[in-house]
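What follows is a group of structures, each given as structure tokens.
Here chain A shows up in two complexes: once beside chain B, once beside chain C.
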Partner chain A sequence: MNPSTSTKIIAVLGGVAAFLGTAAIFLAAIGRPPFATLMQMALYAFGDSYSLSESLVKATPILLCALSVILPARLGLITVGAEGQLYFGALTGTAVVVSYPAAPMIVLMPAMLVAGAAGGAFWSGVAGLLRARSNVNETISTLLMNYVAVLLVSYVIYGAWKDPTSLGWPATIPFPKAATVPSVFGTRAHAGLVVGIIAAVILHIAVTYARWGLALRVLAGNRKVASMAGFDFNRQTLLVMAIGGALAGFAGICETSAIQGRLQAGISVGYGLTGFLVAWLSGQHFLRAIPIAVLVGGLIAAGDALQLYAKVPSASATIMQGLLFAVALGASGLAGKRTTRHG
Partner chain B sequence: MAETEVLAVAGSWVAAMLRSSTPLMLVTTGETLTQRVGIVNLGIEGQMLCGACVGFAVAAQTGSPVLGFAAGAAAGLLLSLVHVALCLGCDANQIGSGIAVFTLGLGFSSYFGRGVVGGKVAGLAPLAASDAAGIPFAGPILTQLTPMAPFAIVTVLIAGLWLYRTRTGLNWRIVGESFQTARALGIRPLVVQAQGILVGGLMSGFAGAILSVDYTKLGPMS
Partner chain C sequence: MAEPLVTLSAIRKQFGSVLANDDVSLTINGGEVLALLGENGAGKSTLMKILYALYAADGGTILIDGRPTSFASPREAMAAGIGMVFQQFSLVPALSVLENLLAALPGAPWLQPRRSARVQAALRWLTRLAPNINPGTAVRALSVGERQLVELAKVLNLNARVVILDEPTSVLTPAEAERLYGFIRTLAAEGKAVVLITHKLADIAACANRIIVMRGGRIVDAAPARERSPEALVDAMVGRGVVGSLPVPAAPTSHVPVLQVRGLTAQVQGPFVRHVSFELAAGEILGIAGVSGNGQFTLAETLAGLVPASTGDVVLDGVSIASRAHDGAIAGSVAYIPERPLDNAVVAELDLALNLSLREARRLPLFPRRETIVRRAEALMARYDVRPPRPALGASALSGGNLQKLVIARELSRKAKLVIACYPAMGLDVLAAQAVYREMFRQAADGACVVWISEELDDLLSYAHRIAVMHDGAIMGIVRREDADRQVLGRWMAGHGRNAA
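Then we have the complex of A and B:
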């Protein structure tokens, strides 16, 4: 075993141990028995078919958002805009449903999904265009556009699209049956999960074995060499941002249609941010993002269940996500330090 | 419109502008200092949330807005220690670490903020008592602004002077421009970077506390 592999294994094991340790300290600090609660959370996440289905429901948008971060990262771009793209995709997809609520399923469903993905692609593409044309930092532009998209959704659900029969509750009309993304495996998990997994596999193959992946790798490594080899950074920037945004927008419209059933505030409980965490935890690797998204989805579902049954606020799951991400970053950073020293 | 009315509207507008920009001035100055030593901290949103939450809780508990500000600043400082540990201690990516700090701050403030929702704080007294309201233009500014607004403006000026007119300010800028050069000059760049992050944390927590204690006078959820 070469030193870098053993360092990696030590980093992963150390990270897991450090996460369990810090989570236990946190639980003890809020007056919960740490080990019993951690066991309980594992059961709430994956203990039975209902818990598993809830975890998969949470994992679906997280996985799609993670993919939307990983693809630009392969070009060396850091985007934190999945949340905004998710909201904007939900907005554009809902526009179709609100405009033609009586259309037959065979027309409405594809139109809604395509509009959602296109909305996300547009929102992300704006940041991509700014980066390609004017060298605007994509991390900052995507971060700021998140707020705009969330507020745009608030604007329409309090205004033009508000359902007059909803007794003042700010939400659109309920989606008709023809615009409800079907669930799969007889659970609440919906077809978006399948799309997410297929997208992860396709993207993995495309960037690992196809010429496209080579273009991204060379461009990320050395812009000058890449341009001499005929690779166009601006074009690839637009492309990866648009594809990533389409995935996040698709997550948004699926979430709106299958889980909420209508467009309303809070369609996402930080899925974009969580997707970013998952992307980094996976080391910007499409396939590794799948199990990690399911695990983090389980963590969030367990947080909800704890709130319901044990009266622990679900914000505890957010804190644990932060702890998980912090120790994972620390562990991988330390491992990188060690490898450089040895190599 | 009569001239006095124009002056009154202009005065109220300036007052509202300064009131809402006070926390922003402080947090921007803090993050600018952090970035000047070559560190990006995306976690300031989380640090502000924590500062707002802790500051409000302490101010509501003790009845003293000043203690609230101090506690909020301490909370921001404490959370920025995570960024110091991850970025400087573990060589972790700055953007990733910032998002981790943000997530932690979001989680902590929404977890512990539940306990103080509905509390009441007094806030600071305005610069002038309400009988000064009749003074043209300056009236609304003096009666609506608390001492925090001039404090923030002075802080920005001091930070600028300090960065460009003092020896330590120069050292900070050297560290931000070139880590290696700083080391060669005998500056300890890691120490300076840690100070930069901590100052940013202190000021973002303080700004958060101003937001909740002095500006909205409402709980952290609002």
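Then we have the complex of A and C:
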């Protein structure tokens, strides 16, 4: 076994142990039996088909948002805009549904999904265009555009698109059956998950084996040499931002259609930011993001369940999620240090 | 000053197969500014780094105050009164000027009172050199020239008697350079010895008392400064009489211009190109001579389309190619060999096989086969003698010379319409350099226009069809090889126009 593989395994095992340790301390501190609660969480996350399906439901938007961060990262761009792109995709997808609620499924479903993805692509593409044209920092622009997208959604659900029959509850009309993304495997998990996994595999193949991946690596490595090779940074910036945005926008419309059933405030519980963290944990690797997204989805689902059944405060799950990310980043950082010292 | 402060005798230093210093002997006297003149790679910095104990000499002796000495580290050299200011400064940008100066004093205490004798000692030289620098300012807020003065104050604080300045004016504006010349003269007047490592003739004229010219690791000339004209110094620096054995490239058959450069002006952070115009026929080789740092590299990047031209145009075969490098058509017809290949010609994160495929990258199949790329790389590496010939190595694993060969393999192995070569033989031994020239001339024979930037005036005079001299971003003049006169070229290099001298 070569040293880098063994280092990685040590890092993963060490990270898991450190997470369980800190989580146990936290649970003990809030007066819960640590071991039993952790076991219970594992069961709530992956113990039966219902828990598993809930975990996958959470994992779906997280995975799609993670992919939307990883692709620009391959070009050296850092975007934190998945949340806004998710909201904007939900908005544009919903626009189709509220405009033609009676359209047949064969028209409405694809139109809605395409509109959602296009919305996300547009929202992210704006940041990409600003970067390409005027060298505006994409991290800042995507961050700020998040707020705009979330508020735009609030604007329509309190205003023009508010369902008059909803007795004042700010939400659109319920999506018709023709606009409900089908669930898969007989669970609440929906087709978005399948799309996310397929997208991860395709993107992985494209950046690893295709000429396009070479272009991204050359551009990320040395812009001047990339110019000599005939690669255009501005064009690729627009492209990766748009593709990433499309994935996040797709996550938004799927979440709205399959899980919420209508556009309302709070369609995302921080999926965009969680996706960003998953992307970093995966080392900006498309395939590794899949299991990590599922794990994190499980943690969030288990947190919800704990809150319901074990009367643990609702913030606990978020705190434990934070512990997981902090510990995992720390572990991989330490492993990196170890590698450099030995290498 | 009866006795020299420092005497170096028969210093020898070898890096791999390159002899950086070959039997070099010189003396450094107090109260005198000694200019160590030479082109890049002439061995002048190496020599001074040996004195400063950064490198250990392979042979020779160092006498300080007449006593044989061998320092184990720069710390010991500093204790003996030898200080060196490098091209890369060693200041901490986040700390204030005072903090930087204090940190450099030996024996820093745990607690530093605000008004102690130590603070006074730390500021002693700074207040003389640059009274307008506030010691509380963070170093990162200073200009490059100010940083250099702080660096100099740091060295002087350690009671340096010999102050070595490595290319000090290369980062300065003319006004800052003037001020520095003043300080250098003052230091010498106070009895200190100043060694000025430089390749700029302006530095010599401004403050040198004595000149030592180095070329190829040896001293080729030594004289009091006022006994040498700039032309003589250029001659000594670039050398004459090194006869090449390559066949002289045949004259171009047609005179129809293929490359037209018209009124080209461009600037990238400092070095600039001003109103450069010339025309080249197919197969014509234009040599561009000049003291380095006079805009040659910017001209090369502009011709290659990597730097946008602010005015003017570059037309190749009827098509404008200015600032259109990422246009696929241009990537295919221009061959470009930049200076500093690790920064400018390769992607350090990619392996050698991929780096070799970059010029073809746009024409690779959608899913390139790794085997094909590797096999092609192996063939190229064998043909151009890139060592070690392992395509899976990272680009940063190669030595400078081998990296240069790799770039030349990539750029010159295909047929180009325009070849831009920036110091293509730098870092190569004579045989490898000749191999590079042969490839370049073959491109010309196949009909490419060749723009060849070089500091080797002898090579240009032997092979180029015409020779242009660049000074301060402008072309001072262009002559045909047959009409070229070293005296005239030297005058142009020194910045004197056709009529001025």
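Assume the second predicted complex is superposed on the first by the 342 of 343 C-alpha atoms of A that agree within 3 Å, B and C clash if a C-alpha of one lies under 4 Å from a C-alpha of the other, contacts with A are read in each partner's own complex, and residues count from 1 in each chain.
Just so it is clear, a residue touches a chain if its C-beta (ideal position, glycine included) is under 8 Å from a C-beta of that chain, and two chains touch if they have at least 3 such contacts.
Computed from a predicted structure; not experimentally measured.
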Legend entry - Clash-or-fit label for the pair chain B, chain C on chain A: clash
Legend entry - Partner chain(s) touched by A:276 [first = chain B, second = chain C, both, neither]: first
Legend entry - Touched partner set for A:322, first chain B, second chain C, both or neither: first
Legend entry - Contact breadth on chain A, by residue count: chain C or chain B: B
Inset, instruction - State whether A:218 touches chain B only (first), chain C only (second), both chains, or neither. - result: second
Inset, instruction - Applying the touch criterion given at the start, work out whether A:114 contacts chain B, chain C, both or neither, answering first, second, both or neither. - result: neither
Inset, instruction - Check the residue A:227 against both partner chains and state whether it touches chain B (first), chain C (second), both, or neither. - result: second
Inset, instruction - May I ask you to decide whether A:209 touches chain B, chain C, both, or neither, giving the answer as first, second, both or neither? - result: second
Inset, instruction - Of the listed stretches 40-48, 112-120 or 166-174, mark the one in chain B with C-alpha atoms clashing against chain C. - result: 166-174
Inset, instruction - Sort out for me which residues of chain B touch chain A in the complex. - result: 42, 82, 85-86, 89-93, 95-97, 99-108, 110-111, 114
Legend entry - In the complex, chain A residues that touch chain B: 30, 78, 80, 139, 143, 270, 273, 276-277, 280, 313, 315-323, 325-326, 329-334, 336-337
Inset, instruction - Using the touch definition up top, name the residues of chain A that touch chain C in the complex. - result: 209-212, 214-215, 217-218, 220-222, 224-233
Inset, instruction - Spell out the part of chain C that touches chain A in their complex, as residue ranges. - result: 304-306, 325-328, 330-332, 336, 343-350, 354, 357-359, 361-362, 364-368
